[in-house]
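Letters A, B, C and D mark the chains in the order given here, with residues in each chain numbered from 1 onward.
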């Protein structure tokens, strides 16, 4: 972490959000990474930790992106991108793959979000627009089944609207499912009391995060010091 | 003697009837039985209900089947994909029906259909709009208490079209990497399961410990020696037919 | 069949009952054979037919009994006897094995019976005695899931009591599940109208079978001739 | 680094607690993890609920565990076996509880437990005394209409004890022939799955296409190089301990 803190920057960029989340993945974990920024988490897991990646289209032991020219169209991840398989990987069918998910065998799932509510509700599949083609994929299965749900998201939308809310306005993906949120500004835990700030990104102060959060924000850094 | 091999993809799909429910294997292009789908386009059966995780890409394979006006309803988890315009356009125009199912629930509903289980309960979708019309209940057992579950019902099909890596004349199958995806459970859930493979092997060549789909779930096999690759066709701008 | 009919005997012995049932198993069938006489059916399937045997403990493509000394304690059938596996066999776990059964993928199951009722009810797992240790195994799954149920049984008990009844007195294994019965005296089909005699064993007449059957017995041999 | 191997069967079962629910793999002696069971006898946990298809034979393995007074309840499909006197005697004396479950329902309830499915419907046992206390319902869907189904509930366990053919340090497993039986589904359904194997292999030695139980379902592995064979012990008249 030190090399991040030493940067003279404000907040975390996309890679740094993934890097920060990666610090919280314990050795020996079974992890499912959602499409987008979450996919990057695998690159940043600290050395010395062995983490096994699951992709819901039937592979446990997903490895890094293959070199250009070495892609196999029959070896892809849930985002339909070419991947590799590590030594010790296992292939299985979709029924067995989601048995792993639904049966609470996956330790951590890292996903993106449109909105997160202070009770852990997650909205990340639909804006509820009547013109949109609805598409849910495996998101509802993952949040219902995986033990711990990490969210990586910008703290606010491109238009500056808060994404951490008292209540989601978009259709839910799951109720009370989110455990922790990694934004460009902070790391926030969802607790029984609501959003609790665990850590600020470099150059970011508590008030800035509080203003951009449309729900109560508890500073548990203080609580921990007391 | 049991020999499930038949001469051609045309023969393989000849009896798929108007209004049939058809499961099609594949997750994106991985495992998509593209030659069987094209044979179904040639054959022309209409008003099909198709089950696949997606709705195809470009203007080949599943997307082409939809574009050809043969699909009345899609049951899938993710109808939007890169290079996918056929389904979105028809859906927006109100010309095709969609049953949206979470991916794991879709897989388990298919597996249930194949396993003779008419319904099961899951926490997936509870608290979301997709659960609005579903039966809810709770369970007292410790591992499941304190949560709501919804009843999900089996999906069965008249036909499944899948792609295998190897097949012997009994119908024993293996698959290649993540092309396995929905194929083994779809093979279980259809009255008639139709397989395309590029590797016809002798009985006994597949070790009994390594068989993924036992032959009992397979009805017809056709050899497609050099299957097309959907993404390459799309890159070339190919349309079928 | 001719060599059976030419015998100067009365009725069928155990092997002949198995042999008679074997005639009715079509080429290409997937068949599960119960413990006891049903196990013998495999020996008598007419040459030229290829039949695949399923044993519910996880094998499709069960072969004959191994030679003495070649038994493998990890290759057994549902009766826990040593078996072999044919070329083209497949192993699978109990969940998948009973998915085959419950999902109506097995064509024919041949079982023994304590009692069969004219509506197809089967009792073959318990006498209902309060002192007995109840044990059901896979019988209830098989009769509920397999498309066609053949029964091989003596026509009457050792004490001469009929086993083909208007109604079973023992606890049921399944309701309305039996399709055809092969006894030492006859082949009887269970139809919407009740028990219909299809065929008499050599040296046995209709009246003999009728007297030993505690339900109405229709002679469909006559119906077929009319 | 992930390494699920531990030194001994004693270490493997050390935390099995009084009152625990324990699934034990095997169908008769095929797949029975006899050394793990004997370690559990040495360890002495009491009032266990044990799930196995049978109740053991002779005076070794599962029968010995029962004989040693450690099992309060058996959940099984067939408690009578050749050479089985221990359970029948205790049951007749009212000293052990029995939940009798049809074999396929037992398998599917275990699979449901591992797959996060609290309950499912099946036609098995409908119209029999085993369905007397179960919820019944019908389904309208064509493939399942016109019949009654009963609700069956998932079984989960605190521990599963199973025997594998090969195991790598991740816990990826293969099995030998019909010794596979209940092991893969029991591995899914327990909080802690404990495996004995005679073949410790390097990661990568088991082809990813041939893994039967992926390591995610396995917690501890112990090498038992020359496992005993139950029927041979019984033939010799061996009793454990």
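To be clear about the criterion, contacts are C-beta pairs under 8 Å (C-beta built on N, C-alpha and C of every residue); 3 or more make two chains touch, one makes a residue touch a chain.
A quick note: this is a predicted structure, and the numbers were derived from the prediction, not measured.
S.K.: Listed by label, which chains are in contact with chain B and with chain C?
M.R.: D
S.K.: Cα centroid separation between chain A and chain C, in whole Å?
M.R.: Distance between chain centres: 57 Å.
S.K.: For chain C and chain D, what's the span in angstrom between their mean Cα positions?
M.R.: Averaging C-alpha atoms per chain gives centres 29 Å apart.
S.K.: Determine the centre-to-centre distance between chain A and chain D, using the mean Cα coordinates as centres, and give it in whole Å.
M.R.: Distance between chain centres, rounded to whole Å: 36 Å.
S.K.: Can you list the residues of chain D that touch 2 or more other chains?
M.R.: Residues 108, 111, 113, 115-117, 122-123, 175, 177, 208-209, 212 of chain D each touch two or more of the other chains.
S.K.: Send over the residues of chain A in touch with two or more other chains.
M.R.: Only 59, 85, 91-92, 98-99, 101-102, 145 qualify.
S.K.: Please list, in label order, each pair of chains that touches.
M.R.: Every pair of chains meeting the touch criterion: A-B, A-D, B-C, B-D, C-D.
S.K.: Tell me, which parts of chain B touch chain A in their complex?
M.R.: Those residues of chain B that touch chain A are 27-31, 53, 77-82, 87-88, 91-92, 98, 100-105, 107-108, 110-111, 122-130, 175-185, 212, 229-231.
S.K.: Contact residues on chain D for chain A in the complex?
M.R.: Where chain D meets chain A, its residues are 1-2, 111, 113-117, 168, 170, 172, 188, 203-204, 206, 208-209, 211, 214-217.
S.K.: Can you name the residues of chain A that touch chain B in the complex?
M.R.: 55-59, 72-77, 80, 85, 91-95, 97-99, 101-102, 121, 131, 133-141, 144-145, 171-175
S.K.: Which residues of chain D touch chain B in their complex?
M.R.: 108, 112-113, 115-123, 139, 141, 143-144, 149, 153-154, 156, 174-175, 177, 208-210, 212
S.K.: Taking the touch rule as given, give the residues of chain A at its contact with chain D in the complex, in rising order.
M.R.: So the residues of chain A in touch with chain D come to 27-28, 30, 50, 52, 54, 59-61, 85, 87-92, 98-106, 145.
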